[in-house]
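Consider the two complexes below, in which chain A is the common component and chain B and chain C are the respective partners.
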Partner chain A sequence: MNIDLFATTIALLTFFGISAIMALSLNLEYGVAGIPNFGQALFVSIGAYTAGWTYTRLLPLLAGEAVIDPCGSTLGQALQLRSTIMKTMPTVGLTNFVITLLIAALIGGLVGYLASYPALRLKQEWYLGLVLLVGSEIVRIVVRGYEPIICGNNGLSAIAQPFHWLRDSTLSSLLFAGLVLTVAGLVYLYCERLVRSPYGRLLKAVRENDAVATSLGKDVARIRGQIMFIGSALAGVAGVFFVVNSGYASANDYVVALTLDVWVMIVLGGLGNNRGALLGALLITILDRLTAITAIRMNMLGFQWEFNYVRYILFGVILLLMLRYRPQGLLPEPTQTTRAHEMLGAEGVAK
Partner chain B sequence: MSTTLLIDSLIRSLQAGSLYALMAVGLTLTLTVIKLPNFAHAELITVGAYTALLVSLGISAKPLIVLGLAFGVAAIVALLCHRVVYRPLAQQKPSTYTMILASFATGLIIRYILFLLAERFALFDLRIGVPQAIWLQNDWVTLTNIFFWVVPTSIALVIVLSLILNYTALGRDMRALADNLTLARIIGIPVDRVHDLTWLLVGGLAGVAGALWGIYTFVEPLVGWLAILSVFAATVLGGMTSFSGTILGAYLVGFSENVIMQVLNHYTGLDFSFKPAIPFIIIIFVLLIRPQGLKNN
Partner chain C sequence: MLELQNVSKHFGNLRAVDGVSLRVPQGQIIGLIGPNGSGKSTLLSLMAGTVQPSGGKILFDGHDITRQTADQIFQRGLVRSFQDPSLFFRMTALDNALLPVNAQRGERPTHAPWHHLWRQQEQTLASRAGGVLDQVQLGKQTNTLAANLSGGQMKLLELGRSLMGAPKLLLLDEPTAGVAPALAYTIFEQIEHLRATQGITFLIIEHRLEILFDFVDSLYVMHLGKVIAQGKPDAIAANAQVREVYFGE
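== the complex of A and B ==
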C-alpha cells in the first residue's frame, strides 16, 4: 500500500486545526475557568446540525432555488441540488458557509450559556459534569430519532466544504486546510489575549476559589455563563469545520468518546495553557492517524487482532499516566505576573 | 392498549428494575464509602457478563457456578482498579474531576480490551447458555425460568448487602468511613482493608448483575456502558447516598423505561428509539429540582 504523503499531511493538518479549536474551547472552560464540561460533544454537534440545516434550507434559497425536503422521497434530488450549487456557485457556497459559522457560534454560545445555569443550583460541583454529559446524550438521542433536523438516524451526506467548486481537489483541500489553520490560529490568539487580560485572571480566581471571588464582589454565576458562551461558541465553529471536512452529518459521531478525546488533548498538553491545548491536539491527532494507518496495514497483512480498538486503550493509558505522573501536563500553566507586580519585584531587587 | 402488552411491560420493568438495583447499590456504595463517581462501574458489569458467558460455554452452565465465577472475577478486577489506579491517584489529593477522568480512562481501557478479545474470538451478541423453559403461561402472561432467576437473585443479593451493611463489623466500618473518613481513621478503623473489601463487594455485585443481564438479554462489550447512565439515574434518585432510595429509584427507572415508554408509544406515537433518553431526563430533573432524591429532608 502506498500512502500519498502530501494528501495525508493535508488531512492531518486539517484534523489538527479542528481538534485545536475544540481543545482551546475546553481549555478555556475547564483549564482556565474550572467548569467540568463533560458534554463537549454536544456543543461540537451543534455546529454539525446547524450545517445540516443551512445546507438543506438556506443554500437553495441563496442560489434562488426552491427548498426540497432532504429526507423523504426527494432525498436524491435535494442531495443533487446542494452538490450542484456547491460545485458551480462559489460565492453562494462561501456565503452560506460564513452564515453557517455565525449561526453555529451563536446557537452554540446560547446553549452553552443555558447549560451553565444548572451550575448555580447543583449541590455538588461534579453534578454539573454529569448534567452536561447526560445532556449531550439526550440531544444526540433526540436528533437521531427526530427526522427534520438531519434526517434522524440516516444523517445527511454531501455537506461539502466551501472550496468544493475548485476543479483541482488537491488545491481545494489545501485551501480548506489553510482556512481551518487560520481560524485555529485566530482562536488561539483570542484565547491568549483573554487569558492574559484582567478578565483572564478573574477566571482563574473563580477556578481556584469561587467563594473568595464572590466575597470580592464578583458575580461567579455570570462569569461562568459568559465563559460557557464563549467556549461553546468556539466548539460550534469547530463542529461546522468537522462536519464539512467529513462531508457527512450524523448524530452518531457526537458520542461521549469525542468528548473524551478532547479531554485527553488538554490533560496531555497542559491544563490552563493554550499552547498546551495546541500541543495536545497535535499529538492526539498524529496518534489517531498513526493508529488508523497501522490498523489498515495490519488488516492487509492478515493480522488477527482489530488494531482500531488499540487507539482507545492507548488514549486511556495516556490519560491515566498523565493524571498520575504529570498532572500539570507536558506544558504546565505559566505563572503570570502583572506589570505592577514586575515593577514591585524590580524595586525589591534594587533595594 | 391491550392488557397483555401492559403486563408484559410490567414484567420487563420488574426485571430491568431488579438488575438496575443490583448495579446501583454497588455504585452508591462506591459513592459513599470511596467517594468516587466510578464510571468504570459499567465495565465491572461487562466483565461479569463476559465471565459468565465464557464459563457457561467452557466450564459449566450451572447457574450457581456461572454467577459465582462472575462475582469472583469482577471482584478481582475491581480490586485491581483500586490498587493500580484509584488508590495511588487518591494519595495525591486530586480534584473530583481528576478522579472522574481516571474512572473514564479505566473504563475505556477495560471496554476496548474486551472489544479486542470479542472481535478476535467472535464473542459478540451471544446469549449465556442457561437453558430456557417456560414456567408459567396463561392468557395474559408468559414467564420463563429467566424471570425466576433474575428477579429473586437480584433481590436476595440486595438484601444480603443491606444485612452486611447494618449487622456486621465490616458494614459498621463502611458506614463510619462514609460518614467521616478522618474520624474513622482516628478511632482505628483499618481504612485500607475496608476499602479493599468494599471494592471486592462492589465488583462482585456488579459482576453478578452483568451475568444476570447477560442471561436476560445479550452479551456484548457495551453491555455495561449502555446501562451505566440508567444506573446513575437510579443512584441520583436515591440522593447518591441512600440505599433504600437507590433501590426504589432503580425500579422507577425500570418502570419508566418500559411501562411509561410503552404508554407514550401507544398514545403519542413516540418512537422506541427515544427510550435511552428517559433515564437521562430523570437525572437532569432530579439534580436540578430535588438533588436529595426521594428522601425527605
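== the complex of A and C ==
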C-alpha cells in the first residue's frame, strides 16, 4: 500500500487543528481555572449533534427545499438532497456551516454552564468531574437509542465539509485544513489573551484557593460557571469540525476515551500553558495517526490482531510517565503571565 | 465601626464561640488574645462571613452583616487575613496583590480579550500594587512566585494584599506567626503606620504579647468561647483572671 504523503499531511494538520481546539478548551477549564472537566466528549458531541440537526433540517430550508426525514424510509432521498446542496450551492453550504458553528458554541456553552452550576455550588469541583463523566456517557447512550437526533445507532452520513462544492477534493481538503488551523489559531490567541488579562489572574486564584478567593470578594461559583460556558462553547466548535471532517455523525465516536485523549494532550504539553496544549495536541495527533496508519498496514499484511488499540496503551503509559516524572508537562506554566508585570516594568526583579 | 452582639457558634455540643459581645471603634488597633482553642479564629471567621453564626448579631458600619456571604462582607471593606499564609502560591507577589481590587474591568470575560478596554486601569493598579509591595518591603519581589517567599515575606504579602482591597477594617490572624522577631516588629510598625496615614482600623489576634501590648489601644481576652476581660494593655496584664487562664499563674 502506498501512502499519499500530501493527503496524509493535510489530514494530520486537520486532526491537529481540531485536537488543538479541544486541548485549549480543557486547558482553560482545568489547567488555568482548576475545573476537572471529565465530560469533554459530551461537549464535543454537542457540536456533532448540532451539525447533524442543521445539515438535515436547516440546510434544505436555506436552499429553499422541503425538509425530508433523514432516518426512516426517506434516508437515501435526504442524503442525496444534502449532498447535492453542498455540491451545487456553495453560499448555502457555507452559511449553514457558519450557523452550525454558532449554534454549537451556544448550546455547548449553555450545557456546560447548566451542567456545572449546581455541582460547582457544592464547593467540591471533583463532584463536577464525576457528574460530567457520567453525564457524557448517559447523553451518548440516549442519543444512540433516540432516532430523531442523528438517526440513533445508524448515525448520519454526508455531513460534508463546507468546501465540498469544489470539484477538486484535494483543494477542498486543503482549504478545510486551512480553515481548521485558522480557527485553532484564533482560539489560541483568545485563550492567551484571557490568561494574560486580569480575568486570567482571577481564574488562577480560583484554581489555587477558592476559599481565599471568596474571602477577597470573588464570586467563585459564577466565575466557574463562566469558564465552563467558554470552554464548552469551544469544545462544541471543535465538535462541528470533528464531525464535518469525518463526514459522519455517530454517538459511538464520543466515548470516554476521547475525553481521556484530550487529558493526555494537556498533561503531556503542560497544564496551564496554552503553548503546551498545542504541543500536546500535536504530539498526540501524530501518535494517533501513526498508530492508525500502522494498523491499516498490518491488516493489509494479514496480521490478525488489532494494532489500533496500541494507542490506548501508549497514551496510558505517557500519562503515567508524565505524572510520575514531569507533572508540570513538557512546557511548564510560565511564572509571569499577566500583562501587569510588563506594565510595572523594571521595578520588580524577575526570578 | 464593628459591633458583635451576643454572637455564638456551636459545632454540635462544642460552643466554640459563646455569647460574645465586643466593639471595635473606628481608627483603633484592638487586640484579641486567649489560649489556643479559646475561639479567637472562629470569631474572626464569623466576622468575615466564612463561617455562619448560630446566634447573635454582627454590625459593620451600621449594616447588619450577620447573614452576608464572605464576598459581600469583603465588598463592604471588612478584610481578613488567615493564620497560615493563605496566598495564591503559584502566582507572583504582584498578581497576589492585584487580585483583591474590586470592579476590575479586565475581570469581565467579555472585556478580558480586548486589553485596550482595561489597559489603563491595569496600569494604574499595577503602579499602586508596586507601591504597596514597596511599602511592605517586597518591592524587589514583585515577580517572585508567592511559594518562593520566606515565611515572613508571605505574611507581609498577605498584609499588602489586604491593603489592595481598600479595607476599612482589617482582621489579622497572628500576623507575626513564624516570623523572626525583628520582622515581627516591622510588621506592627507597618500596621501602626497604616492606621496613622490611612485611618484603617485593626482587630488583631496575636500570641506575641510583648509586641502586641506596645501597639494596641485596648484588648479583649477570650477563654472557652467567652470574653473574660476587656481593657487597656496595663489593666489586662494586671487582671488576675487573665493571668490565671492565659499565663497559668
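By our rule, the second predicted complex is superposed on the first by the 326 of 351 C-alpha atoms of A that agree within 3 Å, B and C clash if a C-alpha of one lies under 4 Å from a C-alpha of the other, contacts with A are read in each partner's own complex, and residues count from 1 in each chain.
Heads up, the rule we're going with is that a residue touches a chain if its C-beta (ideal position, glycine included) is under 8 Å from a C-beta of that chain, and two chains touch if they have at least 3 such contacts.
These numbers were taken from a predicted model, which means no experiment stands behind them.
Engineer: Should A:R193 be classified as contacting the first partner (chain B), the second (chain C), both, or neither?
Structural biologist: The answer is second: A:R193 touches chain C but not chain B.
Engineer: If you stack the two complexes on chain A, which partner ends up touching A:R326: first (chain B), second (chain C), both, or neither?
Structural biologist: neither
Engineer: Answer with first, second, both or neither: which of chain B and chain C does A:P118 touch in the superposed model?
Structural biologist: In the superposition, A:P118 contacts chain B only.
Engineer: With the two complexes superposed on chain A, say which partner A:T338 touches: chain B (first), chain C (second), both, or neither.
Structural biologist: second
Engineer: When the two structures are overlaid on chain A, which partner does A:Y312 contact: first (chain B), second (chain C), both, or neither?
Structural biologist: In the superposition, A:Y312 contacts chain B only.
Engineer: Which part of chain B faces chain A closely enough to touch in the complex?
Structural biologist: Going through chain B, the ones touching chain A are 37, 85, 88-89, 92, 94, 96-98, 100-102, 104-109, 111-113, 115-116, 119-120, 229, 232, 236, 271, 273-274, 276-277, 280-281, 283-284, 287-288, 291-292.
Engineer: For chain A, which residues count as touching chain B in their complex?
Structural biologist: Contact set of chain A toward chain B: 30, 36, 38, 118, 121-127, 129-131, 134-135, 137-138, 141-142, 144-145, 153, 260, 263, 267, 304-306, 309-310, 312-313, 315-317, 319-320, 323-324, 327.
Engineer: Show me the residue ranges of chain C that touch chain A in the complex, using the header's touch definition.
Structural biologist: 48, 50, 69-71, 74-75, 79-80, 82, 86-95, 98-100, 102, 104-109, 111-115, 118-119, 122-123, 125-127, 129-130, 139-145, 148, 161, 165
Engineer: If you look only at chain A, which of its residues touch chain C in the complex?
Structural biologist: Touch residues, chain A against chain C: 190, 193-194, 196-202, 204-205, 208-209, 211-219, 226-227, 230, 333, 335-341, 343-344, 347-351.
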